[in-house]
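Following are the structures in question.
There are two complexes below, and they share chain A, which is joined by chain B in the first and by chain C in the second.
Right after this comes the complex of A and B.
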């Protein structure tokens, strides 16, 4: 009866050694909790790579105000409970001066109170508007919101004199949230939502819902808030049914993958997207062009993967923080917070950021570009 | 946990300890000492948070252990009841104007009712069929919580008001450590009492052989249902605590992975062991925190450690170690 002892003792000794080895040295610590694994890893993975890449680059260039940065990243696997634990850990154990992270809205909202209480600036990388509305003193965010995507689509519809639309939305987090936001802002833009359909995230055929839309009276255009492969199936079914109304997808499918999945059916589809997606196609005078081209090149060179807007959000968050720290002359949390709030004219991958005490996002509709898919590639709608 | 890790120096008193172990109050006393002494080793609110999480999940595991370890029934949807409890304290104050403590009780009552209604048909099933049915039940709860966005906030979850009792607000990790510690002790005592009652013996009889138990006059269906309902209530209270502690809740609390985690905690700690519920939970809550130093390899190592424990401590941590100690003594 001694056999169990040795492996257990070995594991314990190993753990003890690891813990001892994890002691850190004196640097400015920036914390991050990201969903690197799990269902939201498509967000967390590029975010983590971006943060690591740029912190390394900043240190190589001599740090911030002569101080070196250390990045502490924890993986919450998209579990808000774990995110909150790691948030507490960043504050208590690692004693970070600022946090850039929170891949999902759930994780961000779970962590926000921890940083509010500890009075540490927190720049979130998650989408929902609830993060900055109402304004929390210490919480900021970089990604554009669903509301802005809806508004961008509606603005484009108005320009084409289309006012009655049908919504077909995924029931996943993204589709649900955007569906609600679109309904909320539609009246402000003179848009009437005349028909609504939904589909499950794993549905493989949306013909019945689209047939309903086809048969509905007075529909002039169709908007599809959704994420993943659902919108691609909607697009294919849409063409199969021969519906000729304009189809709008959301920024949630603003990736090459969508075009590959939807194939020829994607031609003519419009969608709002960040400038990063069409870095090469931006006109030369565009203020965002140098930033997005440089980020895209750096990311694709270092990782060998296609650039994604999510990594861009992390880039924006980190850079807003660094700029604020430079202006504040150090990483004193309260001063950095004040400076983040004063961010103005910052050109990031997501747009031009102008924050204020009442706006902790600082993006306007110009952050989105309206794209149309033409023979398998994006074109900018002017 | 501590009374199982005797150092060689403590060996002479082991035999006396072993006889103490048989005393009916030995385990409750040991657990009380354990939770009372633990704060001496907790340096920050981060530590307190981890400890409180261990106790909260251990509470859910206590109930699940009654069902799995004693009645011999599996539930792969147990997080569903945590979800009911969690959303009860979120929705109650926000939409219905109920105080948190009443919502907590209402959540527990609702869980019991749901378990009672669902348990009747489900518990007729055996082995894999039961596993799949409970799994389906858990998924169902998670889907409802995700889709009824008007009440639950959808996938992004909703904020949970702080619990207030007589003008006192329960907040802070230290407070929640003590709340969950006391509740865990009460829960453990209740479970121990149940195990030593005729119901507990009936449950163990069912575990050993349903046919034999029914021949002996045990109302098998009723006892199984009782264990299921009780397990649901434990999980519901744990879910409520988790929601109140975190102040924000998402449907992940009721998710499939959470259910699996609960089962893993029970199996790892030891089925049919009250202490095992605590130890298994402690391992699975604390290990991911210590393994973060391994960065990209943490999940691999976590899996490896769990596999090793299951290979070398086959009956679960506590029963295997207890058996090893017992074998030495004789």
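Right after this comes the complex of A and C.
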């Protein structure tokens, strides 16, 4: 008679223990809404892996101030409406103490009001400057902005005494936004934009546009704000037409894949990029070197994929939050918010972060490195 | 002058691709009255399969052949599993099935391959040939030559073989063709296989120039469809001329007007054709007999 009762009792006891154990290990809930699938999965996928990896590592090392973390991740598939729904769920159902996430600008801007109202600190991983300008009390972000990329390029142009520039921009979201930002900051850097061309995100031949640039008067350099395969085709067509002016690409194509796609044509192209991309090539004294090398190794070992700057943004966001919580002595949202705002000298994969009440990003131009492609590899331009 | 030549080179390269996609549309349309919107996915499968087989270590020519063969299998499967069971439905339903198939193939490619862009090495290097101040890539000439070979082969096949004649008969009148003993099911299946092969070959030829990824098919299918409409749907000559014309129109629009309106050209062409001459440049006016 007892022969079947015993195992059942055993299972029940085991379940009870599991439940109790689960609760003991999950006290502090950190929320995240990422675009893990869908058109922005190249952002959300490495971000999710990074967050999971590091939350696990933090817990294994004894948690934060002795408290264990639990990560709650939802996938918005790059749909801002879904992101907003998940944001509400994080606040009302999961009762998270802080949020690190929002892969795209659209999702971030959709979620920001929810966290503002709930008074929960929110560190976004999306690019646009509109997230932190004007400053929202509870919203921060880690990735550098388009404006900074434009400024970095223009500073480099100025140093080479090149001041009349042609723009050839993709008409996708990234290219459009950066195009506008570059036009806005050009006068501040003494740069004149003398010619503008555009191409669609799916175009497979840009020689007509580049022919126009080639024939335009007074162009000294060409800048290509764009994302995806477009810039690779622009670079190939550029060489095909034998244009010898310096060509600048944006941080949007700062990946090995760009060099693979553009091939030999990529030689001599310059672009601004985060230090993470050239972790091994940074000089030993560089303050970011230990951080980026360690993140790169950890990520590549755990996932078997090449490191991307997007995962790095998630690392920075999580670490800024953890450090703030350590300083605040706990995860009380208001205290954590104040401490995030006081972040200074934090060395992340994206740069050295110094936040203030008027700057919820905290990066300056030194976050970008100017790279030149030489025989299929990056070199640091001094 | 030099810039006009450059625009023309650009237009011809892109136009050849449209022409090959349009040719695939034409073939299936003739055999079955279906506009196969998965035609762009055949192009994608050709390019992506070659890239991945080459990465797996297969020599490029072998990878290309295997890619064409596997795309043909996909084409046959599409016909056997999706079109054939619904053959009694009207063409609108069948067209919707092909749209569904194209979404399915795109999704499948994301899982089987990946979501990144890929390229193949050009056959004759990437040093451009300069003619009259304009530059053209050797690969563009390969694409053009490839298109000519495909068109000639197709013409010889349709015009010179019994099977080809059966295809023409089926396109002229399906019921009559069946009455004289032609297996029209086999003909339709065959047209899917050949269209898949043409699409795959086009995809392999253009990948060194245009790059490829799981979702290149959508826009190509739209442009190819516009080209087929312009040339007159159902006419092989029309498909080729329509494709080249559309490519040239786009290149000159990008060069002389704003490049922002380049993609609009294809859609304006569809609209203009529908309004002004629904039968296209070389199409036959269909008379509906009651």
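By definition in this document, the second predicted complex is superposed on the first by the 356 of 382 C-alpha atoms of A that agree within 3 Å, B and C clash if a C-alpha of one lies under 4 Å from a C-alpha of the other, contacts with A are read in each partner's own complex, and residues count from 1 in each chain.
As a working rule, a contact is a pair of C-beta atoms (placed from the backbone, for glycine too) under 8 Å apart; a residue touches a chain by one contact, two chains touch by 3 or more.
Because the structure is predicted, anything quoted here is derived from the model rather than measured.
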**Prompt:** Taking the superposition as given, does A:215 touch the first partner, chain B, the second, chain C, both, or neither?
**Reply:** second
**Asked** In the superposed arrangement, does A:190 touch chain B (first), chain C (second), both or neither?
**Response** neither
**Prompt:** After lining up the shared chain so the two structures overlap, which partner does A:172 touch, if you call chain B first and chain C second: first, second, both or neither?
**Reply:** first
**Prompt:** With the two structures laid over each other on chain A, which partner does A:204 touch: chain B (first), chain C (second), both, or neither?
**Reply:** second
**Larger contact residue set on chain A - chain B or chain C** = B
**Message:** Just checking: does A:85 make contact with chain B only, chain C only, both, or neither of them? Give me first, second, both or neither.
**Reply:** first
**Prompt:** For A:257, is the partner it touches chain B (first), chain C (second), both, or none of the two (neither)?
**Reply:** second
**Request:** Considering only the touch criterion stated at the top, classify A:357 as touching first (chain B), second (chain C), both, or neither.
**Result:** neither
**Request:** Check whether A:42 is in contact with chain B, with chain C, with both or with neither, and answer first, second, both or neither.
**Result:** second
**Asked** Thinking of the overlay built on chain A, is A:110 touched by chain B (first), by chain C (second), by both, or by neither?
**Response** first
**Request:** Mind sorting out which residues of chain A both chain B and chain C touch, each in its own complex?
**Result:** 171
**Request:** Mind listing the chain A positions that touch chain C in their complex?
**Result:** 41-42, 171, 197-200, 202-205, 207-209, 211-212, 215, 228-229, 232-233, 236, 239-242, 257, 260-261, 263-265
**Asked** Which positions of chain A touch chain B when the two form their complex?
**Response** 1, 3-4, 7-8, 11, 15, 18-19, 21-22, 37, 74-75, 78-82, 84-85, 88-89, 91-93, 104-106, 109-110, 113, 128, 130, 171-173, 176-177, 180
**Request:** Using the touch definition up top, name the residues of chain B that touch chain A in the complex.
**Result:** 44-47, 49-50, 53, 146-147, 149, 154-157, 159, 173, 242, 246-250, 252-253, 257, 288-294, 298-299, 305, 308, 312-313, 320-321, 324, 327-328
**Fill in**
chain C residues touching chain A in their complex are 3, 6-7, 9-10, 13-14, 17, 115-119, 126, 128, 130, 135, 137, 206, 209-211, 213, 216, 219, 251-252, 254-255, 258-260, 262-263
